[in-house]
Amino acid sequence: MTDPLVWLILLPLTWASLAFPSGPGRGAWLAIAALGVQLMLVLLLVVDVTESGILVRAVGGWGAPLGIDLAADGLSVAMLLLTQVIALPLAIYARSYFSATAPEGKYFWPLCGFLLAGLNGLYLSADLFNLYVTLELVGLAAVGLVAAGGGARQIAAALRYLFAMLLGSGAYLLAVALIYAAYGTVSMKTLAPLITAEAPVVIWLAGGLMLAGLMLKTALFPFHFWLPPAHGGASAPVSALLSALVVKASFYLLLRLWLGPFAGLTAGAGLLGWLPATLGALAILWGSCQAIRAQRIKMLIAYSTVAQLGYLFLIFPLLTGEAALRAGIMQAFAHGLAKAAMFMTAGVLIKATGQDRVDSLAGAAQQLPLTMFAFGLAGVTLTGLPPSAGFLAKWQLIEAAMAQGAWIIAVVVLVGGLLAAGYVFRVLRQGFLLVPATSADTSVFHPLPRTLEWMALLLAAASVLLGLRGVELMELVSLGGAV
Amino acid sequence: MTSGLLFACVGALLFVMGVSGVLLIRHLLRRILAFNLMGSGAFLVLVGLAQRHGVADPVPQAMVLTGIVVAVAATALALALVRRLHALTGKLEPPEADDD
Amino acid sequence: MSLGLGFDLLLAASLLWSGWRALSTPRLDRALVLFIAFGLLMTLTWARLAAPDIALAEAAIGAGLTGALLLDAFGALQAKRAEAEAKK
Amino acid sequence: MKRPVVIPAALLFAVVLILAMVDLAPPALDLRPLVAANLASSGVAHPVTAVLLNYRAYDTLLEIGVLLLALVAILAVSESVPTTSSTSATSSDLLLPMLGRIAAPVMVVVAVYLLSAGTSAPGGAFQAGAVLAAAAVLLHLTGLLPGWRQPGVSLRWGLAGGFLLFVGVGAILLLVEGDLLRYPPDHAGVLIFLIESGLTLSLGLILAGLFLFLSHDKGDVG
Amino acid sequence: MTLNEAMPLAVLASSLLPGLIIFLLPEAWIGRRTVLNLSGAVAKLVLVGVLLVGVQGGVDYGFGYAVLPGLDLLFKVDALGLLFMGLSASLWLLTTLYAIGYLEGAPQRSRFFGFFSLCVTATMGIAMAGNLFTFFIFYELLTLSTFPLVVHRGNDKAMNGGTVYLAYTLAGGALLLIGIIWLHQLLGHGDFAHAGIVTDLDPTYDGQLKIIFLLLIVGVGVKAAIVPLHGWLPQAMVAPAPVSALLHAVAVVKAGAFGVIRIVYEIYGIEFAHTLHLLTPLAMAAAVTIIWGSLRALFQDDLKKRLAYSTVSQVSYIVLGVALFGPVGTVGGLVHLVHQGIMKITLFFCAGNYAETLGIHKVSEMNGVGRRMPLTTLAFGVAALGMMGVPLTAGAISKGWLIEGARAADMNWAIWVLWTSSLLNAAYFLPILWRAGFRQTAPPWPAEQLARHGWRETAWLLLLPPLVTAAATLAVGILATSEFSPLAWAQFIARNEYRLVVP
């Protein structure tokens, strides 16, 4: 009767399309209530998957390969959990953030609903073409959110973002076409045993297209060019949504394809994993250095996202063991929670001071202690310091790297952590700085709803507390192999 | 050579042409054209290659119908953004990368 | 060499040519017209590929609506530009 | 500067791809027999419609979502400055309004035909919706239908209605039949026709909206 | 969960909970904050007392759960940990009193006391860590919670000090982390065991073990301020006096020294470390640090900086004691962990009093201060004499055991190092005492802030703690042979845990 799996897709679709006719700026309470339900659904799903392993649903009752299958295993349920856990506090934050007349909040709720439906759909789909549609749903919703109500800078960022998304999904679509032609199906489950190391050349090309397209969508260096302006330019709740969740979706898909249908290719070519890993390492170094240099606080956080995404790709050469997968998912959680919190604090700081320069934060620790504390906690996670989810991710990643003698990855992880400390503490330092009250460049702090600060703190604290208990999550990830 | 395979090859060329266009052309309206070429190319490969033995296949045809609708949605959104950018800046080319 | 294959080759060449010219021709209005022509050629192609559903959709959406959207945008931009120049 | 890299790479890719495609062996799996075998219980006679609205109806559901989403995104982007109703410049011409008056009803009839034909022959909700949209665009171009500003309540419900209907049917089927969009074979035809009718109307509105909202937004700000 | 399992958590909670609540208290709620602070500190002291009795009676206190599959957060209370906990808990109480007096009327006290409590929590966690993973978590937590205290004043100088502090400790932490994970890789765990845990490994791993040892020691050596990793300590002296007192004389540097002890004894095992020839280089590093720190102290005019370099030098006594392969040296190092803490905190309290009362920050400003502030100067004098190793003080006991230990280990050069260091100690402390006691006053004082009230030369909350610790300096020295002295406890550790034959 109740099937949490399918409702996780239908529910956001419903509230998104109900929020639109309700009128501009409306739909917040509907969304928050529905997100609460979604959170419960995903917890039910966790229980279901823990009890009975992989869940498969045949849409329309046909079943693959004629119909479309939805499937949930540990990996996808973990990503679903991350999505709903972040979305609910974020929605409460957004309700307070957007004033009734704010142009950027006019259609926030329907767009947000479609985005979440796309994400949930993407995590549950086991059909390559259906995944293409969910990718487009996510991509267009994200672009719409970035552009909504924005000035020229934001529109330009949204355009750049849009073309990057379209290129990525175009490459993906061509790959789907080639796969269908070669095997006559787009069902992942049916494909998995068919694709072997002796696959025809078109399959290698398809794999390459998917890899390139999804790396572009995940903003892996050097395809990251679109991310900082888009994430740094959007309004704070949107930036949080994008940085914490949207980029993870294409990463998840890449991982899913790598381990699923394309396992026959990726396992055969051991060196292949070093391509994303090398780019990931460069992303960490480049993104961190740019973050250290950035003048505007949201740009700093956006470049930090470029760097943090790099860690996700370091796992690819290590995927022969399960530890690397766990490290990747832990990093996705750590970064998701912390980055959402960080963008939320940035929203508070910018709203409170009316400025977005790092230099204008002096005195923030005194005026907005809660927000600065939340920023600090999120920063601890991003830096990978204990006790935090980021630390557990780093620990597992280094351990996996050492187990396979990949010393260079361990070194990159450590250096990345130190660089992250560089940009995190740059902000904290500024926040702790006291300027004499008479000084001309003292920022004036405007009062804000406390909800904003508390929601940021909630997510930041979650990112740290996860570092004290990661067993259940890691065991969930291990319930795997839906494809 | 069947017409399926022929048009699949044309599709491949169109796709490549479209991708190059999106990457190289700075004028935004033309970039939208290039994106549509890219999409059409992919659609041709999807249907053409599946029908390379000369028999019609309804599954990829339905997929392409879906794809066309998605493409027009993306095109409309892109146009809306371009027009808005033009209204705000009077330009039809994206500004140089501003990294900060 | 059958008549069908000849027609297909001609169609393929026109597709590639119109697509190419739509991107490369210097004048924007011509590019748009070429693009709409490309859409119509695509319609023919779909018909040749025994896909009448797509042909219908392409004609209505691909060539029709997309073309109308592009032309309308072009017109609006031209009007705006003319207005701006008139002000000078 | 990107040119020397992109163009050779693109050409190389095209050549490799074409060679690989020509070389491709027939697929192991063929869905056509499956499509044909289940056609009887699908509720429609036309295989493409069967794939679109039954076998892979979930794709179609999400795709309508994408379309609706794009429309919402466009509304979110465009400035809501109330401009004076854009009386079309073509009003001096007497021929065009006439054409509009004659053509629009014809197009509505064509749309209804396409919709009903879709179950057994090429055509269906998309094509019908597109024709409806074309009629609206034609009316706009002939000056009979003003460009749309921010949509009113009834228009918004019309835009979202078809999609909501689709989702609703899917949800009810999930509750009753146990699977999302699993039509009971006896009622499949009716349900699909119901969905298609709703979609035709909403698709017509959305596709027209893509044009009319954009068209209204001449971008006259400041 | 049994009571014995809950005890370690209760020790952590007694400072963690007050800390978290204090963060949320409004600035003006001074009374409630003070009550919270003191009740937490007293509760912790009581808990540690209970643990002391229990451990002496052979009770096992421990608690652990899995954080990741195969990776546990593990707390365990043993005699060595209790040595550190006892020191920290008693000095926390005193420093809290001192800080309440010191920060009267200062801004941001909620934040200060909140992080202060977190620091103590981290220290307790380090002391109770049952494996390297847990140790590392609290070790880094200590870094994080001290940073806001170092930069508390919020001026540029404080920021720069904080940045240097972070740069050193985070880089050290990274090396420590890689060493720990490497070891995990080889062993599958990192649990502390009294005889060491790496001895089972095949001899082919000796090379790797040497590198890991270096990584680990450098990692903890940063906090222990072993030369050349000591650069942060003098910089961090920009912090308010209570922070310098508790954290940079006791908690942070001792956490490093404590880490050295754990690594040498309970990861490698002293025998095995000796077989791998790791102890002599460690002793050399300690010796260099002892001399270098003392030499630098000699040339500092800033009083807190002179004390800071003195800390650099003195903490390495502990490391030296560990590296002296033998029971006597071990006892000397362990007991110095406590003795140095008591003496050095006294000195910092006094330095804070001079600064807070009269605005004196430099040695050259101290002429005649002994007449204006006799009690403070008395406490300072006792502690300084202790540092030199004058008989009847705490310092004499630890230095005596260390010298004996060096002789027993046949490392005569170490004796010379200790003697030289004592001479240098005298050279940088005696002039201060002389100035304070015998030079004529040249009023006015740089910035006299608190007037004299009868016998109270300054606020009583500032005066009481140094007097207590100065008395303790004498007490642990005079009563060293009694049953409950730190020395007795150090011998207990050496005998019961490391199975050494202590004379």
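In this document, chain identifiers A, B, C, D and E correspond to the written order of the chains, with residue numbering beginning at 1 in each.
Everything that follows uses one rule, which is that a contact is a pair of C-beta atoms (placed from the backbone, for glycine too) under 8 Å apart; a residue touches a chain by one contact, two chains touch by 3 or more.
Because the structure is a prediction, the values reported are computed rather than measured.
A comparison of the B-C and A-D interfaces places the larger number of contacting C-beta pairs at A-D.
Innermost chain of the displayed assembly, by C-alpha centre distance to the whole-protein C-alpha centre, is A. Averaged C-alpha coordinates put the centre of chain B at 17 Å from the centre of chain D. Centre-to-centre, using mean CA coordinates, chain D is 73 Å away from chain E. Distance between chain centres (mean CA atoms), chain A to chain E: 43 Å. Chain B and chain E have Cα centroids lying 67 Å from one another. For chain C, the set of residues touching two or more other chains reads 53, 57, 61, 65, 69, 73, 76, 80. Of all residues in chain B, those touching 2 or more other chains are 8-9, 13, 15, 17-19, 23, 45, 49, 52, 59, 61-63, 65-66, 69-70, 72-74, 76-77, 79, 81-84, 86-88, listed in ascending order. Those residues of chain D in touch with two or more other chains are numbered 13, 17, 21, 24, 31, 35, 48, 55-56, 59, 63, 66, 69-70, 73-74, 77, 79, 126, 207, 210, 214, 218-219.
The chain pairs satisfying the stated touch condition come to A-B, A-D, A-E, B-C, B-D, C-D.
Interface of chain C with chain B (complex): residues 4-5, 8-9, 12, 15-16, 19-20, 22-23, 28, 31-32, 35, 38, 42, 45-46, 48-51, 53-54, 57-58, 61-62, 65-66, 69-70, 73-74, 76-77, 80, 84. Taken together, the chain B residues at the contact with chain D in this complex read 5, 8-9, 12-13, 15-17, 19-20, 23-24, 45, 49, 52-53, 55, 57-59, 61-63, 65-66, 69-70, 72-74, 76-77, 79-81, 83-84, 86-88. For chain D in complex with chain B, the touching residues are 2-3, 6-7, 10-11, 13-14, 17-18, 21-22, 24, 26, 31-32, 35, 47-48, 50-52, 55-56, 59-60, 63-64, 66-67, 69-71, 73-74, 77-79, 126, 207, 210, 213-214, 217-221. Residues 8, 15, 18-19, 22-23, 28, 31, 35, 38-39, 41-42, 45-46, 49-50, 52, 59-60, 63, 66-67, 70, 73-74, 77-78, 81-82, 84-85, 88-89, 94-95, 97-100 of chain B are the ones that touch chain A when the two sit in their complex. In the complex of the two chains, the chain C residues touching chain D come out as 52-53, 55-57, 60-61, 64-65, 68-69, 72-73, 76, 79-80.
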